[in-house]
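Before any comments, here is the structure.
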Amino acid sequence: MKLSELAQSLGLEHRGADLPLASVAPVEEAGLDQLSFVTAKKWLAQVEPIGAVVVPSDLADEPELADKPLLISRCPPLDAARAARLLGQAHLTFSGIHPTAVVAESAQIGAGVVIGAGAVIGAEVVVGDQTEIHAGTVIYDRCEIGSRCILKANSVIGGEGFGYEFMEGRLEPITHFGTVLIEDDVHVGSGTTIDRARFGETRIGAGTRIDNQVQIAHNVQIGRCCIIVSQVGIAGSCIIGDGAVLAGQAGLVPHTTVGAGARVGASTGVATDVPAGATWTGWWGQSHRESMMQLSAMRKLPAFMKTVRDFMKQKKE
Amino acid sequence: MKLSELAQSLGLEHRGADLPLASVAPVEEAGLDQLSFVTAKKWLAQVEPIGAVVVPSDLADEPELADKPLLISRCPPLDAARAARLLGQAHLTFSGIHPTAVVAESAQIGAGVVIGAGAVIGAEVVVGDQTEIHAGTVIYDRCEIGSRCILKANSVIGGEGFGYEFMEGRLEPITHFGTVLIEDDVHVGSGTTIDRARFGETRIGAGTRIDNQVQIAHNVQIGRCCIIVSQVGIAGSCIIGDGAVLAGQAGLVPHTTVGAGARVGASTGVATDVPAGATWTGWWGQSHRESMMQLSAMRKLPAFMKTVRDFMKQKKE
Amino acid sequence: MKLSELAQSLGLEHRGADLPLASVAPVEEAGLDQLSFVTAKKWLAQVEPIGAVVVPSDLADEPELADKPLLISRCPPLDAARAARLLGQAHLTFSGIHPTAVVAESAQIGAGVVIGAGAVIGAEVVVGDQTEIHAGTVIYDRCEIGSRCILKANSVIGGEGFGYEFMEGRLEPITHFGTVLIEDDVHVGSGTTIDRARFGETRIGAGTRIDNQVQIAHNVQIGRCCIIVSQVGIAGSCIIGDGAVLAGQAGLVPHTTVGAGARVGASTGVATDVPAGATWTGWWGQSHRESMMQLSAMRKLPAFMKTVRDFMKQKKE
């Protein structure tokens, strides 16, 4: 496909020569018949052997790009991905109902829904239009999944929550009568597990993105457009505000609240509420500024202790 | 169903008016035709709009409950859950053998066993009566599962342990000839993995509850009625005593012992044996008291260092 | 099977009496008709009731082994495992294509490949000879798996990477056009997830062993013969050198490099590059020596603070 055709399809400004492009590749690998993209000056040294480049407008006049065929974009990685799709680099898909699929007579399947091989969908589950349920994913009875969601392979939605009561020396399981509600445009990673509520709903807000192997316990309420990175664990009844970001392996104890727009660092343990907009880090989660001051102090501690002991010894003599 | 009928079915004392109830709901959501439960005084302010309430006997005479229809229970959450089941809020189930199920001619299936769609059960596996194996769960050959167990979706029982020996510069895998033995009344969470022993058995004691995404390595021995919360990792050959509690994301290095009744806090790293009955916390696990004292000291460390440096400077002048 | 036959089949030196052996068992359980193995002096006290023992040559002349039938081995655990296989303790296997398997007409299956029940293999996937893909494992389109690999149950290879760009207030997903390349002799644990690259390949080097529930993000490059223990999380674009060892629950932030032969301790957070050959530990990863010095200082900190405060008070008076 010619660069001018890509520009037209993507609605982007085209500068320089028009040439045919075979595919999209990253800047360090792309060659003469390929399109790549850059987002910062430091990558410009590598564009010389590349056919054409998607760039933001503030880089378009840099000397390294003189005579280089360009597409001008507000978000080069996104438009490069769109170009790759137009160039046929997308995933292959199957369409129709496979003869070995087991579908209840009473089941109704929405428009554009994709259900992968081996996925299991329980009774009275509702799945919105254009949602993809990948291979091996299990959705327990009565859960509700919005439109345009993606549930990646082997994720589990709606398992019984982990709730027990001690009763005459035994752990009696508490039945969880609630469900899971996943709103529109949510992505759920491979191997992620989201438990159903005791009553009511465990809720994942619209537009939230959840990575692989995340655990979300019963009755958790997650806001809109949150980012929850791999291996995060969110205990029962936590509340996560809109736009919050939880980095990899962070953990929340039950009933904690993370305010809207807050950021929780990687491997951070959250045992108290995180204020809206705050950045929280540390094994024992606290503000990032305090964590860094204490970490810096701790690193100097062995030498500091020696200095102080020497000083005290000298003063005592 | 009328409150008096629920009282009779559950064997509970009934006080106040008899009224028809549609369902069970949590105290903050329940309305006039619903049953809820409370376990502490702080919830009593919210019972006014609720039809009837399950309460412990020591709350039954509180003024907020005057004239309120009550069920008196030793464990209100449990009896509320039982009431919800009687009111038809339970999960739906399929009964029989689905025509697409693949069952070996030699297989014998016990009474009341439930096997979910896509579950895979290897050769010579034994499964006790009334055990549920949920969708997508895989049990490797020769493992033994007790009665009344629940293995939630996509869990994996009996995979080869992660054991290697260096041999002429290569990592040679060591075949694990042992199995996994899961005793009666054990629950295993979604996505949890339990590896088979090198010889003998990886053992999970009766009544133990294991949450989602827990990793239990080869040859681990877990006692009776333990609680193991989500994303805990237990390395090879660890021993966990009866009634121990491991909170979320805790990790144990190989060959450590956690004594009976001990409690290991969330995200705690256990590198040395934990005494019976102890509470252990900290990135580098130690007694909770020591952890808290050190944490408190660390938080004061930056200011303390400044004070001491100023003092030394002044004394030197 | 007689000990002399085992010796001949395994190519090992045989000393002492020749006796028939039923099976292999660990040293603390083995009896008169069984073979066991020892690798260190401390186990010799337990060999008395055992039929025969596999030992390294430097233990063969110890007094506890006088008159004991022996096999002399350079790697006793490995040869004991081989003996167990000869004695019929191996796993059972199914051979052929099950009538309910769904295989595309265009699919070609290599020699000795094992595909477990419920495993899902996408379009244009390449699987090398003698590779085992266990039950419930999902391989997305276009990934490449080498020869003699083992992918344990419910692992997921080639899911879309977790990459988003903010664009007009929305999180726009970035399509990942790359794949996953798993080289020869790699083991992947149950529930482990390995995401596909944005472009190019997420690569796992030959001979690397990966435990259960490990997360490997898009574009990660892992060298040859690495050991990656359970619940490790490796963020996008990290590079792991040949022979590196990452212990359980370690976590790496995006774009970090772990040098060849480096060792990262359990639960270590890696936020900066780890030099080749180094040992790195700590919540905030650093050299093990520094971590231990700081940990030791932190443990003394509460008492130290009191001593210094008393001293300052006294000097001020």
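Each chain carries a letter (A, B and C) given by its place in the written order, and its residues are counted from 1.
Basically, contacts are C-beta pairs under 8 Å (C-beta built on N, C-alpha and C of every residue); 3 or more make two chains touch, one makes a residue touch a chain.
All values reported here derive from a predicted model rather than from experimental measurement.
The touch graph of these protein chains is complete, with an edge between every pair of chains. Here chain A and chain C face each other with different sets of residues for the most part; under half of the interface numbers are shared between them. Taking each chain's centre as the mean of its C-alpha atoms, chain A lies 27 Å from chain C. Touching of two or more other chains is recorded for residues 100, 118, 136, 154, 191, 213, 231, 249, 283, 298, 301, 308, 315 of chain B. Only residues 100, 102, 118, 120, 122-124, 136, 138, 140-142, 154, 156, 159-160, 162, 164-165, 167, 170-175, 177, 191, 193, 195, 198-200, 213, 215, 217, 231, 233, 235, 249, 251, 253, 269, 271, 283-284, 286, 290, 293-294, 296-298, 300-301, 304, 307-308, 311, 315 of chain C touch chain A when the two sit together in their complex. Within the complex formed with chain B, the residues of chain C that make contact are 24-26, 29, 74-75, 77-78, 81, 84-85, 89-92, 98, 100, 116-118, 134-136, 150, 152-154, 187, 189-191, 207, 209, 211-213, 225, 227, 229-231, 247-249, 266-267, 282-283, 295, 298-299, 301-302, 305, 308, 312, 315.
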